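A, B, C and D label the chains in the order they appear, each numbered from 1.
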Amino acid sequence: MAVQEWVKLSAARLEQHRDRLNRLDADIGDGDHGANMARGFAAAAARLDGAPSDQPAMELRAVGMTLLSTVGGAAGPLYGSFFIGMATALRDAGASLDAAAWARALEAGAAGVQRRGKAEPGDKTMVDALLPARDALATAAADGASLAEALRAAASAADAGADATIPLLARKGRASYLGERSVGHLDPGAVSSALLLRTAADAWGESTE
Amino acid sequence: MAVQEWVKLSAARLEQHRDRLNRLDADIGDGDHGANMARGFAAAAARLDGAPSDQPAMELRAVGMTLLSTVGGAAGPLYGSFFIGMATALRDAGASLDAAAWARALEAGAAGVQRRGKAEPGDKTMVDALLPARDALATAAADGASLAEALRAAASAADAGADATIPLLARKGRASYLGERSVGHLDPGAVSSALLLRTAADAWGESTE
Amino acid sequence: MKKLINDPEAVVHEALEGIALAHGDRLRVSFEPAYVVRADAPVRGKVGVLSGGGSGHEPMHGGFVGPGMLDVACPGAVFTSPTPDQMLAATQAVDGGAGVLHIVKNYTGDVMNFETAAELAVAEGVEVEAVIIDDDVAVQDSTYTAGRRGVGATVLAEKICGAAAEAGRPLGDVAALCRRVDDQSRSMGMALTSCVVPHVGTPTFELAEDEMEIGIGIHGEPGRERMKLEAADAIVARLVEPIVTDLPFGSGDGVLAFVNGMGGTPLIELYIVYRRVAQLLGERGIRIERSLVGNYITSLEMAGCSVTLLKLDHELTSLWDAPVNTPALRWGA
Amino acid sequence: MKKLINDPEAVVHEALEGIALAHGDRLRVSFEPAYVVRADAPVRGKVGVLSGGGSGHEPMHGGFVGPGMLDVACPGAVFTSPTPDQMLAATQAVDGGAGVLHIVKNYTGDVMNFETAAELAVAEGVEVEAVIIDDDVAVQDSTYTAGRRGVGATVLAEKICGAAAEAGRPLGDVAALCRRVDDQSRSMGMALTSCVVPHVGTPTFELAEDEMEIGIGIHGEPGRERMKLEAADAIVARLVEPIVTDLPFGSGDGVLAFVNGMGGTPLIELYIVYRRVAQLLGERGIRIERSLVGNYITSLEMAGCSVTLLKLDHELTSLWDAPVNTPALRWGA
């Protein structure tokens, strides 16, 4: 259930934040990140609708494939790799995920993003939200936190990571063409990553663990 | 001397009124009447510069030919015909013109405009300034007025004729495409005609008669 | 005013220099007086085809000079008819002994300047026929007005007459074809924005963000009606309806459908317009046999479009299909 | 937002419908997934040439599909890279057994989507070579960045590779030619205005009446520098200078000079730009052997232009001159 809930809630929130993400992307890119994400997650939510909800890996894989064929731009392959990476890490996981499983998944997802996009921390990309989230989640899991707690820690780390992109000079993606002019702006992909993690915290926070 | 003075003074004033005439033309036409007239009269003034100034007919003919090849648009052939018509009427005139000669010339000039453009009074064109001027000048000449007086009467009639174009519906030229929307605007060609006659009154008013 | 220009007064001259430099392999440009002429003119024994008009409508007319279309084009100042001396020199430059066709858009200035030029050319011993194009259904045709404007049909007439002249047809035939194209064509245009004449520097008219002009000409002059902006499909209906009913075009007719951009509208939008034109014609049983989509007769950077339909017959279709080799229209060569 | 559109979300789809209706004689359009393909594809034994990218750059890429240029084009959403499934289907549609060249503009999104597509195609048994175009000198090339963008050279590469494929050259050759065109091309662009992405509805950036952006890409993204508006000649110097020094182009070189409009700039201005480009190259002894002036790789209704120079050699010149028959570029056919 929870993966579906996560994706549907994400679709709704991305639709709400569509214009804001477009606007952030217009400042240092081409103004389509909100539209791309809203389109992709609407398609992913529709795709999961009615599908079996007891196989997180299969669901995450379907989300990844759908994002790959509906988002386009940079975010499409990156979030596609993210979800496919998560799915692969959870191949053998059961219907219900614990903090350790989510930690493994987020690590694999972030690794997928980095494999595809070759971005390092500090390049002013979604990686700057994903890696702090990965680390926070791993620490929380190791400390024995509940999944809800661990995801909240990850979401907060992602928020902080996104905010920390403001002073950075972009080195990857479209924003890198701006050189110095990219400084002083939030990276839209980092913001959407943080939003996805906050939504995960909400989805699993509400779900019975 | 006086024809040259007239043309030079006209060139200067058309340059001054260039934007105003463009603007009037933009309201009901294509916004180029001021530019067309300023370009043409600058060329005509340059053409007369240094030419013999004791043969009004030759000078007026040269002005007409120059306007024909430099103004373009509707105003080019119309003012070309106007000056060539004046020249033809003055073929046998001496160096210095009197009111009767000017009356003949203006009649022929206005006839030239009507031959070329087929406009009738009330069509909202330069004809609506030229015909009242022609009539006023003829009357003044018949009444024995001096050339300066007669030209002042003609200029005032032209001004009134131009103002009277405001409520008219255009039936000729580009303004006619606007149909009812042409009502409520001054006709730019009528304004430039009135300006030429006012300048004539000034040129011959100042010159020794 | 945001334009890629130097001196507003030098726009036409510098653009002509650019045309000469870009297309010097097949065109020559005369500057005094100004005309753009086929490099191989005059072609012995061939009817010369001349057109001209104000500048600001590019590629028309200079971009249509070349084998199979115009022999020579006379550019005036921006939106201002060229002058008789230009037209005379241009006529003489392309007279190959078979006479010269003048294709004249119906604007008072153009008509009068071309009339004078034809008189001068005839006096110089060149045979001239002038045909006036007046296809714009936005304007009421009446003996009490200047009549309908010449717009999109001009491009089609230039192509078709150029092909006929290239095929060696005599002046009378080429002129008759020109009249047939004009008779069988109707157009209507609209604007989303005004344009800025360089030497004026401000928009010719002001349109609010939610307004459009319907029934515009090609000189930035206001149109027949100002109204609230609508979706493309509704706008296209406003253009197609009066065109179709005017000729009228009817079920079973084969047409050339020409969707023209006014200069500032991107091609992606012109295809959205074309789509609806095709749908509306399809609903009426009118067959599109040939089409043309793009910026061919423009008003500087004005955003908007026009639609032109030409009723085709076998002869017009084969002349349309004949090879043409100009900077702006080229096929079969 | 003033556009000739219906639903902002339907712009690409409806424009594709228009393209299908206007050019159905020689193109086919697939809608799910979206691609524009030669009517006669796949051509047996011929290398397929595929390109694609966001929409909003028309005529690129769909307008370049046809004999002698692209076999197929994949349009994404406006300014958004298309997706791997489109690319895979398009690749399969034009695979005539000799493999398929993917011409990819260097944008992170395009590159990643094309990489995925190539993996999928290879898994399906189609031989694919991908060449990345990165000719924009406005962007610093460094291993620490996404590298230079692909802009004007894309059009030239598509024409030249299309001609080579048409001539029966094998995939390795065609890909090598593509790399050579990219290596020998440099571009730079500027904007007078922003553009409005339909689903956003407001300009991507705001420029004051007396400002311009230098070093823009083709997605309405801001450029390298914002500065005071200048006369065309000064602007052209800002574009040509970095291009010429980067390759470098030098005295005696023969080049193809391509002056491209961004969509909202009228042709008359592009010729003023071309004039100055030709003058500046002339001063340096660089010979313009071929030229192209017009709107070929655009950013919706953005006003502005870009300049691309390609150093020619005998082979590139003769491939450029080879017949091409597409909606937007046509000669010799």
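Just so we're on the same page, a contact is a pair of C-beta atoms (placed from the backbone, for glycine too) under 8 Å apart; a residue touches a chain by one contact, two chains touch by 3 or more.
The chain lineup, named per UniProt: A, B = Dihydroxyacetone kinase, L subunit; C, D = phosphoenolpyruvate--glycerone phosphotransferase.
Everything quoted here is computed from the prediction, not taken from an experiment.
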Touching both chain A and chain C (chains): D
Chain A and chain B: spacing of chain centres that average the CA atoms, whole Å: 76
Inter-chain centre distance, chain A versus chain D - centres from mean C-alpha coordinates, in Å: 32
Rounded Å distance, chain C centre to chain D centre (Cα mean): 29
Inter-chain touch pairs (all): A-D, B-C, C-D
Contact footprint of chain C on chain D as seen in their complex: 2-7, 11-12, 14-19, 21-23, 55-56, 58-59, 63, 192-193, 209, 212, 229, 231-233, 235, 263-275, 278, 288, 291, 293, 295, 298, 300-301, 303-305, 325, 327, 330-333
Of all residues in chain C, those that touch chain B in their complex: 33, 54, 76-86, 107-109, 112-113, 115-116, 138-140, 144-146, 149, 197, 199-200, 204-205, 217, 219-222, 224
Contacting residues of chain A [partner chain D, same complex]: 19, 22, 26, 28-32, 35-36, 39, 68-78, 80, 116-117, 171-174, 176-179, 181
